[in-house]
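Each chain gets a letter, A, B, C, D, E and F, in the order it is written, and its residues are counted from 1.
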Amino acid sequence: MRRLIFAAVAALALSGLARSASAQTRLPQEFSFQSPLGTYDKTDLQVGFAVYQANCASCHGLGLVHYRDLRHLGLAPQDIAAVLAKLNAEKSADPPGKAPLMARDTFRAPFPDDAAAAAKFHGAIPPDLSLIERGHKNGADYIYSLLMGYRAAPPDVTMLPGHYYNVAFPGLQTAMPPALKPGSVTLADGKKPSVQQMAHDVAAFLAWTANPTLDERKAVGLRIILFLIVLGIFGGLALRSGRRV
Amino acid sequence: MAGSGDMAVEHGGEDRRDFLKILFGATAAVGGAAIVWSFGSALEPGESAKDGAVFDVDLSPIEANSGISLRWRGKPVFIRHLTAGQVSAVEATPMKDLIDPVAVKDRLKPGHSQYAVVVGVCPHRGCVPVGNKPTDPRGPYDGWLCPCHGAAFDAVGRVRRGPAQQNLDIPPYRFISDTLIRLG
Amino acid sequence: MDNSRSDTTPGWFEARLPLCAAWHRHWSEHPVPANLTFVWSFGVLVAVALGVLAVSGIWLGFAYVPTTHGAAASIEQYTREVNFGWLIHDLHLDGTTMLFGVVYIELFRGLYYGSYRNGRDLVWIIEVFRFFVFLAVGFCGFAMTGGALAQASLTVMAAHIAAIPIFGDGLSQWFLAGFVVGPATAPRIAMLHEAIGVLVILIALLGYAASRAAKPANPDGIAVTDAGDMVPQSAYAGKVFSAFIIFAFIFALIITFAPDLGQPAGMSLTDPLSIPVRPAPPWYLLGFHGLARAGMSVGGGTLLTVAALILLGALPWLDQGKVASGRYRPVYAGFVILLAIDWIVLSVAAAEPAVGAWPVVIDITTIWLFVHFIIITPLVTMLAPEHAVPARIARRIA
Amino acid sequence: MDNSRSDTTPGWFEARLPLCAAWHRHWSEHPVPANLTFVWSFGVLVAVALGVLAVSGIWLGFAYVPTTHGAAASIEQYTREVNFGWLIHDLHLDGTTMLFGVVYIELFRGLYYGSYRNGRDLVWIIEVFRFFVFLAVGFCGFAMTGGALAQASLTVMAAHIAAIPIFGDGLSQWFLAGFVVGPATAPRIAMLHEAIGVLVILIALLGYAASRAAKPANPDGIAVTDAGDMVPQSAYAGKVFSAFIIFAFIFALIITFAPDLGQPAGMSLTDPLSIPVRPAPPWYLLGFHGLARAGMSVGGGTLLTVAALILLGALPWLDQGKVASGRYRPVYAGFVILLAIDWIVLSVAAAEPAVGAWPVVIDITTIWLFVHFIIITPLVTMLAPEHAVPARIARRIA
Amino acid sequence: MRRLIFAAVAALALSGLARSASAQTRLPQEFSFQSPLGTYDKTDLQVGFAVYQANCASCHGLGLVHYRDLRHLGLAPQDIAAVLAKLNAEKSADPPGKAPLMARDTFRAPFPDDAAAAAKFHGAIPPDLSLIERGHKNGADYIYSLLMGYRAAPPDVTMLPGHYYNVAFPGLQTAMPPALKPGSVTLADGKKPSVQQMAHDVAAFLAWTANPTLDERKAVGLRIILFLIVLGIFGGLALRSGRRV
Amino acid sequence: MAGSGDMAVEHGGEDRRDFLKILFGATAAVGGAAIVWSFGSALEPGESAKDGAVFDVDLSPIEANSGISLRWRGKPVFIRHLTAGQVSAVEATPMKDLIDPVAVKDRLKPGHSQYAVVVGVCPHRGCVPVGNKPTDPRGPYDGWLCPCHGAAFDAVGRVRRGPAQQNLDIPPYRFISDTLIRLG
């Protein structure tokens, strides 16, 4: 039986190798939450949110995120109120009679419907980004790579109308234009983050939108693990002593 | 269970064992409690359910003898600022004249009898009664009138004329300050 | 554990409904062979996993909305907005992984020690059937998550059911409550999952009863007769407890560090525009997914999948050996281990896109699986040398 | 019925899993008193009704969508568009009526023959608890039909739960998954209904076990000791069968001619604009609805409802008589019958609007209910003349 | 015990009386389906449907009924096609871009939303009629009575604006105008049904929309009952004979 | 089981009893079967599921070398009338050049090789390829071109250029007459 288990482990290792075979052109990044015990870096997330608002929100929705959820990034109620006020001020997209956005609403969808989006992007539709990070292996890396992956199209490829060459995008041609406008965001300290940092932080932000409970999960999970260790020890002692007599 | 060694040791063993058993049992119990607790709190309303469940309304803008209507949980809620005269008028009505007899004091908050707060849904067929806008007819009892089949309510929302058989509901609310109420 | 209890005079309740007594008679004092090893505790773990799944499942059901869009949305919202919603979801999702982990090991334990021998054929058949039902429930659970992937897998599965001769079409229409995945499908699959998920507990109990009625299995694969070789089940309390702790520990590790372990990437995506390039089932279905893909056609796939399960159930008759336990027939034992590896490799290959060497790997491992059951098992068990089997159990453990 | 079976040599399956043997030992050949009357067959009918409800319930679940609008719509569509959908729905709806019909009669049988005596107190408590759980499941089922009426009843019920001291608010929020009936409520109630609907079967089995562990109840209300007074259960096969046929017959009559029997008019209306003027619960809840309304306030209502159930469970201690069966204490028997009538009148009155004499009727019948339990029962059973009880059962029936 | 059951019956009888107390001003009618074994009269239903289309459809929807369901009234596919063609011809209410009605669609809702309806009828909203018959005790009678219940308002009642006095309507004032226009329907034989008949048949039609499976239910139910009788007899014999020896 | 009376009667009794038992059992079995059957047929798709599940398309209006697209169960379906030249062209393509190798005959119906019927959803990311309208570009392989990331398909819908890795799906359909197909 012992042998059996050993064999299994061996085979699994093998499988590990197998998987690593199927990789794409990625620019792996450092993310605070990737290490086993790592948690989200709130400042990263806040910058990431700012980047999203300034650069992505015009095309991508976040259907699963409420504005009130931003408090988990450390935004104070008045900050959130400010965000909403700004949005309600420029209510361009949506029909007149529509109620103003409230903290309880989910992020506003940029397009009335898919058709409108498809029309704008030669058939392609900007997907909702709430879960996109979970949609790809090492999603955060993928997002960073995608945003940094724009290149001049090599002569041999014939580009589709309105498409951009992107080494990270499966298919190499994406309807999504390079989105990160340098200087589109200003940090609390007045500095303007580099494009790299913007890509990094928005990737972190989208990782959060996909797994908002990651921090809680790790915290609770560790407590459970500790508890089980203690329980195991006590139980072992109790039973052994029970047997001893 | 045949013990080896002399009484003392045996006894010590007993104690030690019991102690460990208790320690173990206690730990296990803690774990069980934690599980029950977490599953219990998972039954509580989620954030979306909490959204707008509770909110505050400032009454100061409402002048006497006028009312406002607002939406709370999808239902219309009427708030009417009563004049002293209106209050004494409804208090004067004898119980036997009421279709659904309830004392005025049970429909207003003590110490704040100048504000009547009711749910604006007619108990007959669910139409929304009129009477808040100054232009609205208020019906024969100076309260609200249901446009659908003419049910008439008095200034504190008690039905005075059919077809409705029940008074206007009262939403859960309490006064936080003299001019601020918390709905829900 | 503490059986002094039954000696003392029973309390008010016990006097009227002797549950403790029943517990002692049917469980803690029930005589079992004295040579059971660690893996024999896994029966209890199956029960634990089922319990976790049933409770967490009911809690998920408190929020789950079986509509095309509601399915994924309701659960995403649950995990985000409800206290510990994420934990309950992970308990359910990873609880399934734990269940299948234990069940797979139990099956291979049976293969290795010939637990289907000594008149335990019915027990074995029920166990294989139970395994099949687990797979079905697991699939329905996966399919009811409503993601683009789940939709795809429903279509695939319906195609496989439709490939069954004669009844196929009807069955697949029953399955989808329509001709394609449509609005009526979601509640159908959800209720199938929940109802069978609860009923499977009955099947498990039936299997337990059958196992109790038959001669107990044990690592020596012999029919333990001598009462001296039996001990009360409580003697294994320690083993069961440590097995449980290890189980819980691994469970906790998965939930904490890899809640999506063994799940296809992007399974939770609801937006069909972001389907991952290559969908795949969760790990415990991969082997069968592979078998089926090796079948070239949908029909062939169904055939191979079903055939594999039937062969597994037919082991009591395929096995021609005089001795049952791998301990006393090393050659056959070796082949069993080979089979385990074969299955793992097959599963791995089935998760990869049909490019490069992978399809070949799938075919080879599939062929080997059938060779093992149809040729190796009868021949090796018949011809290969067997050691002498002790009349009584080899070494006591409890 | 045919116990020659167990004599013949067992077949392949029976030899491995002796189900028939178990059936004979635990059921057909189990010794029971020889004086059991027709009403003693009702235990089986409860099982039948539960079976019908579970199966039809699962089938309804194949189509049911727990959303504010989907609930009623999905089932309306099911009954209209799916083959026999109407039948399955009526089996479930009227199956509930049959269940409660049988359960109510069983309870009064217990009251009348003092079946809670002779150490059967635990059995009785479990039976009352089972009754309570049935009520809860029935209510949830009614509430999950999504009609305007169901919504109203949820609000009412939540108000009652909220009236419980200390935990009340929390509980009612658990119940509604919110502060008012909202989108999260529908799946919550539906899963409560389905899960408890299945679990109640376990409670029923527990009660059965307890009843088997205790001395058997019988119309003479005596502890039957002499083995000569016992017969194998199979002796009642005829009675059980005729009871079953009558049960099925009534069931069929209701489904055919009055599928909405006992349901408030317009319960299925989804359009709140057409709420019937005066909502009411289904018949089996009416009595409690009446009790609660007699409570003047919501809190009072809750109190009375709970009190009534507790008093019912406390009968073994309230009953001070030496003899148990109504056969040998006519006075008390008369009062039991009066109680039955009282309950029916209360139910009728509770269905009427609170106008004219009805509120008074409700109050009187409510007061009488409590008088009966708190004053009549102890006094009458203590003081009223009792006939001599035969040592052995009076007249054999089987 | 026997006494107990007897008592129960008595009390139930009492309850019957009680109920009959709470009645409204009704004009009871003869409906083919009301008798235990009675079924729907298809010609009634067809006329009823015609009446609904001509007099009710302009204000009331039938959200649970599909046009294809009309075949259960005995309409041939081409009849249904004709109905649809007519409707699609006069697509006044709904927005231009809307797809034409098909047999698979449910009856068209007359108003875009409740607000529009309420505006038109002084706050009252014409309810969907699919289930209205089940919404009232003896619903068919109620509908007939309602349609025939319009009277001149007695001097003592003050009418609400835009309301009509109706003795059958709870509240006596309804926002629904007298709907049955004489001669609005023509039967196959060219005759024009009387207003009474129109009211009667539309009531029958709405009873059908509320209980479309009534006929099937009675048919199947009777078979079940017969089967149980047979089963009971055979079972009785088998058991008795079994006991005899 | 101790029988009374002489053998004959006893025997007669036996027979009669057995007969009645069988009669009863048979009747009960019929009932059981009826129940099972009705619950079984209740699992079949309801009418709404059947709506538009199956419908017929007349191909005669489609001229050679042109195509139409229609919606079936919410998905776009393309029908292309191929010229003999196009058919031979795709048949000429060697298997090894294909990303997802499938023989042409497996993608057309025998005897009706002039009609290609495919589901118009790109396997890469679900965009709708173009190529039906005469004005549309058909891509390098005279079939369909996906506007999103340039996947190119041949005249029978086989993918010839990535990013897509699978051929266009084929909906269930069969020919009823030479110019009439039944989808579903």
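Throughout what follows, a residue touches a chain if its C-beta (ideal position, glycine included) is under 8 Å from a C-beta of that chain, and two chains touch if they have at least 3 such contacts.
Keep in mind that this is a model prediction, so the values were computed, not measured.
Enquirer: Can you list every chain in contact with both chain B and chain E?
Expert: Joint contacts, listed by label: D.
Enquirer: Farthest chain from chain C, going by the mean of C-alpha atoms per chain?
Expert: E
Enquirer: Please work out the Cα centroid separation of chain D and chain F, and write it as a whole number of Å.
Expert: 49
Enquirer: Between chain B and chain F, what distance separates the C-alpha centroids? Give it in angstrom.
Expert: 56
Enquirer: For chain D and chain E, what's the span in angstrom between their mean Cα positions?
Expert: 34
Enquirer: Where in chain B do residues touch two or more of the other chains?
Expert: Correct list: 1, 43-44, 46-48, 124-125.
Enquirer: Residues of chain E that touch two or more other chains: which are they?
Expert: If we look for residues of chain E contacting two or more partner chains, we find 125, 170, 231, 235, 242.
Enquirer: Could you list which residues of chain D touch at least two other chains?
Expert: As it turns out, chain D has residues touching two or more other chains at 62-63, 77, 84, 87, 177, 184, 273-274, 277, 353.
Enquirer: Touch graph across the chains, line, ring, star, complete or other?
Expert: Graph shape, chains as nodes and touching pairs as edges: none of the named types, so other.
Enquirer: Which chains touch which?
Expert: According to the stated criterion, the contacting chain pairs are A-B, A-C, A-F, B-C, B-D, B-E, C-D, C-F, D-E, D-F, E-F.
Enquirer: Which bits of chain B are touching chain E when the two form their complex?
Expert: That would be residues 124-125, 127-128, 130, 146-151, 162-163 of chain B.
Enquirer: Across the complex, what residues on chain F touch chain D?
Expert: 1, 38-39, 41-44, 46-48
Enquirer: Which of the residues in chain A come into contact with chain F in the complex?
Expert: Against chain F, the touching part of chain A is residues 118, 122-125, 158, 160, 163, 169-175.
Enquirer: For a test of understanding, state which residues of chain B touch chain A in their complex under the given definition.
Expert: Counting only chain B, the residues touching chain A are 1, 3, 10, 13-14, 16-17, 20-21, 23-24, 27-28, 30-31, 34, 47-48, 51-52.
Enquirer: For a test of understanding, state which residues of chain A touch chain C in their complex under the given definition.
Expert: It is residues 1, 3-4, 7-8, 10-12, 14-15, 18-19, 22, 36, 64, 69, 125, 127-128, 131-132, 134-137, 170, 212-213, 216-218, 220-222, 224-225, 228-229, 231-232, 235-236, 239-240, 242-243 of chain A that touch chain C.
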